[in-house]
Amino acid sequence: MIVLNGGSSSGKSGIARCLQAVLPDPWLTFGTDTLVDAMPAAMRASDAGIEFAPDGEVVVGPEFRTLEAAWIEGVAAMARAGARVIVDEVFLGGPASQQRWQKALDGVRVLWVGVRCESAAAAAREVARGDRVVGMAASQADLVHRGVFYDLEVDTTRSESMECARTIAAHVE
Amino acid sequence: MIVLNGGSSSGKSGIARCLQAVLPDPWLTFGTDTLVDAMPAAMRASDAGIEFAPDGEVVVGPEFRTLEAAWIEGVAAMARAGARVIVDEVFLGGPASQQRWQKALDGVRVLWVGVRCESAAAAAREVARGDRVVGMAASQADLVHRGVFYDLEVDTTRSESMECARTIAAHVE
Amino acid sequence: MIVLNGGSSSGKSGIARCLQAVLPDPWLTFGTDTLVDAMPAAMRASDAGIEFAPDGEVVVGPEFRTLEAAWIEGVAAMARAGARVIVDEVFLGGPASQQRWQKALDGVRVLWVGVRCESAAAAAREVARGDRVVGMAASQADLVHRGVFYDLEVDTTRSESMECARTIAAHVE
Amino acid sequence: MIVLNGGSSSGKSGIARCLQAVLPDPWLTFGTDTLVDAMPAAMRASDAGIEFAPDGEVVVGPEFRTLEAAWIEGVAAMARAGARVIVDEVFLGGPASQQRWQKALDGVRVLWVGVRCESAAAAAREVARGDRVVGMAASQADLVHRGVFYDLEVDTTRSESMECARTIAAHVE
């Protein structure tokens, strides 16, 4: 299992797709977006669910946490059932977020990867993408890495997704 | 857990979204599309993965089956971990497809729902949607229901998604 | 040229795609969404651009109107240059909206089509689609037809997109 | 009017969105995708329309050319009606493609911009994007620039979209 953690527009999804292309075996990729898309529309904009503040900050409520816990158990079960899984995550809670995954992944071999991108570069790419709430990239760029440990870190500020993917792939046995 | 089984363009996704809106608790929805989107791009058009024949027929290979088995285990684990889950499925293998889910869901309370739609109506809606390979709706309309058992069946040929969702919701305790 | 006017979730886009499938010649389809997608991201949520009120009401500002006027001229020019064009529109301003098109389309043969859908049915389909601001369907269902004249009206409340498309196609020479 | 010409995955769309963000006035952006999305589904895979060869080569037929000619006239009319327009194009026909636009844009002030990206970099980004036919980036990288003249060229191989957009914006009066 590979867990990619990085802020919005840091380039995680691109790296995940390149990893799927360069790794010899088939890997599944799931992200925070997979979970959010699975939730009821009402929860994406409610006190109990997920909220996007005008400055791009993301706030999640207790019902989100409950469903997320079950989601994490489910992805861990896929890994235990033999699937190679890449998780594309945003640890908004820093070490608390990582511990949620760690606990569920007990006994599963995991490569923890930090995907860094300088705040200004991520913010500019957020504008270029055009499909994200502006401000998320800047507000998350450093926050999500605080107190999180990694086996490996890549930085997309001056490296392409494919290059980062090859670096990560070299650490996958 | 609710498993909706029906052919392409039979209206399963619309019913799932309406169910999420009318059921009092929050439910997660996952579909075959969730799994296919998680797979490597190369597997969506390879002998080992999934193939769309020109007439809309879908053929899946052994590597698809392996990842699908892990996916099913994972979704079952989410249900066991307390999440309410709607699965939006296309049982291309009929009873063999259903048995794969049944085995993984042992001990989980499941409402099996057949989503029927007359072949001609589904084919016309496929044209109206404009985002599907033309021919899938017609080739799957009857096929996916052969030999499959249900707790409940709805028919979208002359009923709206919301109406079908209310019928299903009345069977959820 | 065919102009389809109807509220959000009344089924215009589905009818347009069915028309493209049943009409013998190739037709281009453009909609309000084409224009909105072409605008700067900042205009989609600003006083000068377009705004979605929490109840689904849409408000557009002066800069939107300026770009819209040029857009309408452009689409009219495509029709004059020989393209068969279907326009999928929401006449939020009723007769004022229609007059903007009429003026630009002077000399072009136009089939004006009203696409009706009962408010409750459109609102339920909006939930089933899951990709629209909830409330738009209900707030626009009647509003967009007030004071507008048509060569032909279809009602999707109890008719499928394909059926409506065939009715319209019979009026196209 | 700004015409951006470059191969698939060279970064044109990202530059266009950044231009919309940094230019003081509102600009509309239209691309080849806008036209292709407006066409009947059947034309996207027919002899008369557009075809994607397995190696990513794009072939267009006579009916595509007819609709494209009307489309170009329409976009030119929008510019004449006062809209500021960015066109995001792929000159598969090289100078012949440019002449089609030049003829229609007679009298309109145009900034012709070449968006270059080294073939290997574009091909890697195509994999990272995951939503394009693999092979298009490599086959188009040089082809689309042969015999085309520009007021300005940018290269995304080692420059970000925002940086290229600022360079272009400095040439817009």
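As written, the chain order gives the labels A, B, C and D, with residue 1 at the start of each chain.
Going forward, contacts are C-beta pairs under 8 Å (C-beta built on N, C-alpha and C of every residue); 3 or more make two chains touch, one makes a residue touch a chain.
Owing to the predicted nature of the structure, the values given are computational and were not obtained by experimental measurement.
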{"item": "Remotest chain, chain B as reference, centres from CA atoms", "value": "D"}
{"item": "Pair joined by more contacting C-beta pairs (A-C or B-C)", "value": "B-C"}
{"item": "Averaged-CA centre spacing for the pair chain C and chain A, given as whole angstrom", "value": "38"}
{"item": "Distance between the centres, which are taken as Cα means, of chain C and chain B, whole angstrom", "value": "32"}
{"item": "For chain A, residues that touch 2 or more chains besides their own", "value": "17, 21, 41, 127, 130"}
{"item": "Chain A residues within the chain C interface of the complex", "value": "41, 127, 130, 134"}
{"item": "Residues of chain A that touch chain B when the two form their complex", "value": "17, 20-21, 26-30, 34-35, 37-43, 48-49, 63, 66-67, 69-71, 73-83"}
{"item": "Contacting residues of chain A [partner chain D, same complex]", "value": "11, 13-15, 17-18, 21, 121, 124-125, 127-130, 160-163"}
